[in-house]
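Next up: some structures, all given as structure tokens.
Two complexes follow with subunit A in common, the first pairing it with subunit B and the second with subunit C.
Entry: the complex of A and B
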């Protein structure tokens, strides 16, 4: 867990009273919507189809149980009893009343939660691996650096009025769970030959209308120089970025247009001016942040406790354990992923009751800590293995033990036309139908790891470009039509998927996905060959044939 | 459903209304002939040509304290005068999400 200092607490509280005053002036007509819009966006408040939407940041995906309870309280008191976890370690409430928003913000501020950096053309919530600090083989806890960057960029004038929004993600593991290659800046924590901590820096990733995978701009930037290096990137971006055209304003376009070589030369030159400035980070600053992260008092526990051995006889427990439980860096402990993807339900939603109950379970079994990942699932990061059977039973009662993590029904979907004012087509009902089609656990298991990502418009909030199967909703003559891509991935080997052919209608999407999956099962060389490996080996053609032969 | 937020030129193909979200709570509202807002589509003022549409929109935009983000949306008017939303987006705004979610009240 991370303990905020006095400065942060004061800042958060000041923001609440400031916003309360702004809302008051808006409701009395003193402020027009035009004047108010930028102010509400600075506080995470959007307008959606049915109501205002309120987006709250969960910095680097770490939540304490009192914070999760506060989110449950907001869902219950100010919203309709549920919240929606997004792909950027945020939670959204869909039915908030503007008049009550200052109260909701105030209730959240009491537990150190806020909505800064969740919208607007500024530096957004710096995301990280949801297994940070507990993943085996991790170089060091990447949240220390996320927090450093958060402190440096929150409300920093230079980062508050960028040409466009700006997103950074950090990972410290070989396996990238933070999707750093689809961020404006991706940071991979590494050690150099001397054993010093630093970063491989990637730049210019992003999805949306013009998707790009980030490119490496520098193979090693020393940890003490990371702020000046990021600042150098942002200065070059601020100088050249296209403020005139919203579609060309993201840094990915600039990197593409200048070329990575020229872009990196510009950054290098800028960096030489500022790297030895006050932006250089003292070891004490890092140590201070490090000391604010607390880790549980782990016990020395057996690798294979009796409780686990006994529970292994229950096939339902085993099915869940195989998909939801991952190795922990400390012996005797495990990381448990909580699927927010029950069959037939909207991906990423959690009710207030589930949040409260999960907070209780985290207190009991995970040292009071919960994590939020980019796959719209949650995790309990420090569970003693001997507690796994009891935890599983409790989760199952709450509808939170669907054994489908990383399987075909673990779908990432944006809100789409059911909520979003920018949408062209619905996303959630497509996800729901697909989970019903593949509800059979044996079938899902037979298929193996397969990520489906769905977006309701080209903004790509559901990351469809990097889904193993990606589904993009568009509109054609007033009808919802879906374009389907295959072969994308969002991890350390990130690539964009390829279109398989003409778009298909709402009612046909699930059939098409079934065809693709059947083709894969017939084409794979052995059961261990994953869907994306088969696509890589054979390309789009055989899948295309299968899908369009009868259509 | 191309987002009406990108509405620039005002050109209507059939009977239309102006809709927005009420400022204080965000709920979906429709501009009425009585120059106010109603949550009930049956009370919406119907416009049938671009000039009427422009005028209704201008009047709605001016009432910025009442509702935000007004735009013109198509409707279908039945023989009995019953007004129905003219596209899926407006259908969803009127009747709510289509996802039958348990958490939804």
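Entry: the complex of A and C
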């Protein structure tokens, strides 16, 4: 956990009082809606179809139990009793009242939570691996650097009015759980030959209307130079990024139009001016941030405790364990992913009661810590294996033990037309229907790892381009039409999916997905060949033939 | 539009000249970039101070040869959403060591004052009277800053280091 000090707390409180003043001026008419819009967006407040939506940051996906309880409190007191976890380690409340927002922010500030820059054309919440600090084989905890960058990007005096939003993600594992290749800047923590920490820097990734996988701009930037290097990228972008067309304003378009070579030369030239400035970070500063992250006092525990051995006789427990429990870097401990994807419900939602109860369980079983991942699930990062059976029972009672992590019903979806004023089509009802179709756990298990991502418009909040099966809702002649892609992925081998055929109507989406899955089961070489691998081996054509033969 | 200079609402001695306005005999003038670059010698020879209005899409490095001779650089925020002039301001102050008046013009609202001060602006063509009147109060809104800029305010990282060291002395 990272503990805010007096300095961090002061800034958050100053931001709350500034926002309170901005809301007051809006309500009194001193600020026009056009002026206020930008100011509220910088503090995570959108105007949606039915009400204001409030997006709260969970930097690098780490939450303490008192923070989760504060989110539950906001859901209960200012919203309709639930919150929605997003694909960028944020939580959204959909029914907030403008006049009450400053109070909600003040309540959150008491536990070091804020909503700064969760929307708007500025540097957004810095995201990272939800298993940071506990994943086996990780080079080092990327949250130290995430926090350093979080601070540096917060209320930045030069880069708070960029051409468009700007997202940074960091990973320190070979397997990328932070989707860094679909970010404006992706940082892969590595060591050089001297054993010094630095980063491979990628730039220009992003989804939306024109999706791009990020390109490597520099193979190694030393840790002490990372802030100046990021600053150089941003300075080039701030000056030359397009501002004439919102759909061409992301850095990915600038990188694409200039070409990565020219863009990197511009950045390099700028960087040479500023790399030896006060942006250089000395070891002492890093150590100071590191010292404010606390790690649990792990015990020496057996790899296979009796409790786990006994519980293995229960097939329901085993079904959950196989999908939800992952190896931990410390023997005797495990990382437990908590599915927020119950059959028939909107993906990523949690009620205030669930959040409170989960906070209690985290206090009891996970040293008071919870993680939030971009797949819209939560995790308990430090569970002693001997507690797994008891934890499972408790989670099951709360409706939080659906054994579908990484399976076909573990769907990523944006809020879509049910909430969002940008959406052209519904997302949540598609996800709900798909979870019903594949509700049978034996079937889902037989299919194996398969990610379905759904977006209700071209802005791609549901990351459809990088879903193994991607579903994009658009509007055509007043009707919802869904375009379906296969073969996308967001990890270290990130690639965009390919269209499988003509768009289909709302009622046909689940049938088409069923046909795709059926085709896969028939086409795979052996049960271990995952959907992604079959698509990679055969391409789209054989799927297209089977799915569209009768349509 | 009230001008805030030195933290207070102040009079403006500068007259804005268009591209084709005849040059007045004396007095302080603010000239568009294009005209300034074209007529720099003549403009700088006359009595009275000269300032330049520099658009946010023109390379600020072009102005470097003249920085010692001009009294005001006015940068432009066509809308407050367009943040290019923040980069120009920091370059002028931090890379080119410009020490004259640096004026923010265009859609300048109170919610940008702190950012602008940090980027090196010291005078402000404020759009609304109420915002100009609230300048001092608004400028003091923040006491914590995470980024080093040319304004010399101490960053949170360095303040922590100082605290650490001063605590270290006592123990």
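The working rule: the second predicted complex is superposed on the first by the 551 of 551 C-alpha atoms of A that agree within 3 Å, B and C clash if a C-alpha of one lies under 4 Å from a C-alpha of the other, contacts with A are read in each partner's own complex, and residues count from 1 in each chain.
As a convention for this text, a residue touches a chain if its C-beta (ideal position, glycine included) is under 8 Å from a C-beta of that chain, and two chains touch if they have at least 3 such contacts.
In this text, all values refer to a predicted model and were calculated from it rather than measured experimentally.
Participant: Output check: A:38 vs subunit B and subunit C. Expected answer is one of first, second, both, neither. What do you get?
Facilitator: It touches subunit C, and subunit B stays clear.
Participant: Is A:426 touching anything from subunit B or subunit C once the two structures are fitted on A? First, second, both or neither.
Facilitator: In the superposition, A:426 touches subunit B alone.
Participant: Is A:51 touching the first partner subunit B, the second partner subunit C, both, or neither of them?
Facilitator: first
Participant: Report, in rising order, the residues of subunit A that make contact with subunit B in one complex and with subunit C in the other.
Facilitator: Of subunit A, no residue contacts subunit B in one complex and subunit C in the other.
Participant: For the complex, give me every residue of subunit A touching subunit C.
Facilitator: Residues in contact with subunit C: 5, 7-8, 10-11, 14, 17-18, 22, 30, 35, 38-39, 121, 151-152, 154-162, 235, 238-239, 243, 273, 277-279, 281, 284-285, 288.
Participant: Where on subunit A is subunit B touching in the complex?
Facilitator: Subunit A reaches subunit B through residues 26-29, 32-33, 47-52, 80-82, 95-99, 345-346, 349, 351, 417-419, 421-426, 428-429, 432, 457, 475, 478, 480.
Participant: Quick check on the complex: what are the subunit C residues that touch subunit A?
Facilitator: So the residues of subunit C in touch with subunit A come to 80-84, 86-87, 90, 95, 109, 111, 114-116, 118-119, 130, 141-149, 155-157, 159-161, 164.
Participant: Can you list the subunit B residues touching subunit A in their complex?
Facilitator: For subunit B paired with subunit A, touching residues are 1-3, 5, 21, 23-28, 64-65, 68-69, 87-89, 92-93, 96-99, 101-105.
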